[in-house]
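In the two complexes below, subunit A is the common chain; its partner is subunit B in one and subunit C in the other.
Right after this comes the complex of A and B.
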């Protein structure tokens, strides 16, 4: 069930007030997942699955569900955002236009776009709609972010390949908030081809539930999470140790990427980050607690990494916990 | 109809021009989507422009990495130099860099690179508004989508006729640097981002690893393919010419010079033969298919060698991964 969100967090998404603190958000693909998720750790939710039109009951294809989902999230005291497809072809556009109409009419608090054609549509056809730029839009430079700001972008997730130093420079130069993926599987790519469909008969599991298996491609110590068309990091990006630095840099929009995770993952990891962010804001001597690490460890099957935030290979983990957390094998113990 | 050919060195520029390319593209070292071994120094770029122009061809400069913010001003300086030398166009990806280059050099033809991954007509209109006049079509697009683009928008369409067709959409993939990224600044101040094709040009092609598929810890399949094939277009060439696409582009700066020469010559002759044949008669591709088979075999061998080397390199530890700042 949807439970009231952490509405007490003083967040000013519009950037006009003095109460700015932080926003913790996450991703939910469909109505069932929304109803099963306890959203109490979160301030906002992105609704929709960006990888595949056939994802089970994808909000972006079921507009009544989307309408209801936006309303439910808002009733729970959270901001409701509508995401859109990462790689839309011409034949996606009519449905995206309808999703934008729903977002504008309910209304949602913002839409997330990963495609510059969709940004153009939103800007020209739905001028009142707030727009966040997603990680697949390939914002690498401040000059690029400036162009998107002129097209109405109010928040930018820079491409995941950028280091924190680059993100800081970009956000400062353009005066646009950057959203940071602080935990979860980092997107690594998007395809038009779902190789899982080749195995429907053999496994006896059909689309659209096929990609909801706990799928990883692995080879000799390498691993990536697969969702058929979407490919993500095998390790969970984890910035638990580095939250004070993120806050010091002025960032306040933080994402737990959970599109292919369980409600338990969403709630438990979300709760860890809510506590951690509140602690980091209040206490200069912040240190991540062992009980937080236990939760994080339990949900990360392959290990932890920092993505590209420190300018290194994406699957590396840096920090005092690196020895204990960079990688481990086998299925970890579940956390209650 | 422009036949656009690759050049990873000056010898290849000459071979491509001699083989009938209408235009050649080269990448300045560190600034294009190939490793630096297949890119040119600025002095060589200048010479490439001269060779191309002397042979009646145009020279396009590929500056299509997603650079760092701080690298946009140096890029503009480099472009100033190339424009002064007479470069005929720029192939670019970063939308901010495109906007700056267009403002500074409004008459320069700007091609939106394959890395910009322009997928729909609204996308094309967005890039058109930035000053882009030619758009490279993603290899996954259908003829129907291209026809819609052609009829809907005043933009030049470029088609890759020899290239890699990746599992992912090109420009929307960072699998390679997730597995290995080596930072290092070249003597001219450019961070090469080795391992990131979007940022520096070396792609470890990790998609081609012999992946196993697991459900949690249970092995489901001993081998799954994240398909990434090199392809030659043949059957579609007449249809593309009839459709009115502006440019047919051959990729392959990393291949041996004689092989690139043969590929360019093959397509030159095919295009010319098709344009010369009477429209009322059908065009028989049988003879061309046989010729292509003879080129494909050495191409496949060269590609396999390169892929194995790239995958082996991806397993090597990064000696110095400190961000060079």
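Right after this comes the complex of A and C.
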């Protein structure tokens, strides 16, 4: 297999020389996480924490770190993307503008926007910057995606509530690539308020350490991960056994969501998906290996789900490989 | 001094009548199957016709909350339906998707189109974005400060609506996907045929069953450390209304299609009085100073 250049992994799909490629990317919030992380499984990295300005040494607030981070990622042969805040109020805009200036100057390979005001800023003030649309931009429809494409969007993460059928329909109708969350905790909401601050005095632990603790909210068998100003699924979205279907549908941009995970999670899950995607591209009889499931299960504290990809409730898992569910949710449900 | 519109919610013809009599300049209503408010807060077509007739007679306007997010096939149907509703006399429509907004405005240029609070507009760039799409107004949440609103107003040409009476849930309006992660189910049997498919966020058969208003156990490192609710508060910016109006707010919007008519009327009269005081440059003292809990939409 030949690496064709920074940011993609080409695989000869059918031996006939027709090279196709995929991008496996992940999220890293700050310089410390970046230096601690082994990025070898990945083709690209999104730099920054979208939830909170006070996230520990957030790249989006420390522009020298951001400049260095972009350079480091690119020196490692990966694409460097800069993300932006998901719910910025007016007073965030000057800092966002400065982050976009850094992204444009180094340059980063793209910026990710979750907010339409920031999209407008990128489009009007930094026309040379490639733009990816993030999940909180609420792209639910082809009509909405078309509007954003006209504003320069070159890739879209559709809202997490969309099924694969809807995502495929949207991507085809608008002719814009969709980025697919294949593993990790799915964002479920963003707040203007961090309820973990209530525990500073009680626990004697201050912001910005609070949201990096192992924190889940649970009720009636449900669980969600608290990230202070963000809430995420408790279960990890896991599309390991469905990768061939994603590739057949023409998807090639895949994310491992790891903003609140350990470097070990990022590297080990990333390595599983790198191997799995390469296998899925090369082998018609793809089946996820048990050793991959062992890694996935070891990191899935609550369990696995498929998000909304199959038109079901987000916390359900649909699959045929019992290895996915051995310790968590009981009988697997066949894909419709 | 600019003209200010008091826009009240109405979940029934009785509520609409009560709000208009109490001093609202306009009401916004949901039509069955068209809005995210849920079955109980929506009108039938006959009820909408009745509401329109009474509003027109009083020289007032009616907006339709069409804040669902339709799929492509559903959208074409909705646009056809909207033609009929515009003929009935609906003055404006509130929408929740940038693409749908643009299509509605292009198809019905005479209809006022507002970007719902569910669009998540928070800053001047958001409002400018929707302005460029053709929106006539954008709804901002009531937890913004008057000086933020003033800064936004200074940059835009379209109308600003501020939802000054609303529940501020933990998750920002329009950015919550918790309910459908946890459970999909129809709200009422009658709804299933009417509703679009998809999550509550989209106005589909899923429902917001107020999961954030039930107690959750907080676990740290696998150990239960607390039981709590997600924070939520009733925002009611009556005391700051003058500042919002000085900042240039054009439409004072109240949340609460679930409010019964008699409570809605009291709420509307309160805000009408405040607007009147501002227009007359008179001091306004809210009475009572704090909003009684019966007016809150939290927990409804």
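We take it that the second predicted complex is superposed on the first by the 304 of 336 C-alpha atoms of A that agree within 3 Å, B and C clash if a C-alpha of one lies under 4 Å from a C-alpha of the other, contacts with A are read in each partner's own complex, and residues count from 1 in each chain.
The rule is short, and it goes like this: a residue touches a chain if its C-beta (ideal position, glycine included) is under 8 Å from a C-beta of that chain, and two chains touch if they have at least 3 such contacts.
Since we're looking at a predicted model, the values are computed, not measured.
Visitor: Using the overlay on subunit A, decide if subunit B and subunit C clash or can fit next to each other.
Guide: In the superposition, subunit B runs into subunit C.
Visitor: Touch check for A:57: first (subunit B), second (subunit C), both, or neither?
Guide: A:57 sits against neither subunit B nor subunit C.
Visitor: When the two structures are overlaid on chain A, which partner does A:215 contact: first (subunit B), second (subunit C), both, or neither?
Guide: Once the two structures are laid over each other on A, A:215 reaches both partners.
Visitor: Of the partners subunit B and subunit C, which touch A:154 in the superposed model: first, second, both, neither?
Guide: A:154 contacts neither subunit B nor subunit C.
Visitor: Tell me which partner A:310 touches in the superposition: subunit B (first), subunit C (second), both or neither.
Guide: Touch partner of A:310: subunit B, not subunit C.
Visitor: If we overlay the two complexes on their shared chain A, which of subunit B and subunit C does A:21 touch? Say first, second, both or neither.
Guide: neither
Visitor: Does subunit B (first) or subunit C (second) touch A:115, or do both, or does neither?
Guide: both
Visitor: Between subunit B and subunit C, whom does A:144 touch in the aligned arrangement: first, second, both, or neither?
Guide: both
Visitor: Just to be sure I follow: which residues of subunit A are touched by subunit B in one complex and then by subunit C in the other one?
Guide: After superposing on chain A, subunit A residues 86-90, 92-93, 115-121, 136, 138, 140-148, 159-161, 166, 169, 173, 186, 188-193, 195, 199, 203, 213-219, 222, 224, 226, 231, 233, 308, 312-315 contact both subunit B and subunit C.
Visitor: Which stretch or stretches of subunit B touch subunit A in the complex?
Guide: The contact residues of subunit B facing subunit A are 66-70, 72, 93-97, 99-100, 116-127, 129-130, 140-141, 145, 148, 167-169, 171-175, 177-181, 183, 195-196, 198-199, 206, 209-217, 220-221, 224-227, 315, 318, 321-323, 325.
Visitor: What part of subunit A is in contact with subunit B in the complex they form?
Guide: That would be residues 86-90, 92-93, 115-121, 136, 138, 140-148, 151, 159-161, 163, 165-166, 169-170, 173, 186, 188-193, 195, 199, 203, 213-220, 222, 224, 226, 231, 233, 301, 308, 310-316, 330-331 of subunit A.
Visitor: Which stretch or stretches of subunit A touch subunit C in the complex?
Guide: 86-93, 115-121, 136, 138, 140-148, 159-161, 166, 169, 173, 186-193, 195, 199, 203, 213-219, 222, 224, 226, 231, 233, 308, 312-315
Visitor: Which residues of subunit C touch subunit A once you look at their complex with the stated criterion?
Guide: 69-72, 75, 97-100, 102-103, 119-130, 132-133, 143-144, 148, 151-152, 168, 170-172, 174-178, 180-184, 198-199, 201-202, 211, 214-222, 226, 228, 230-231
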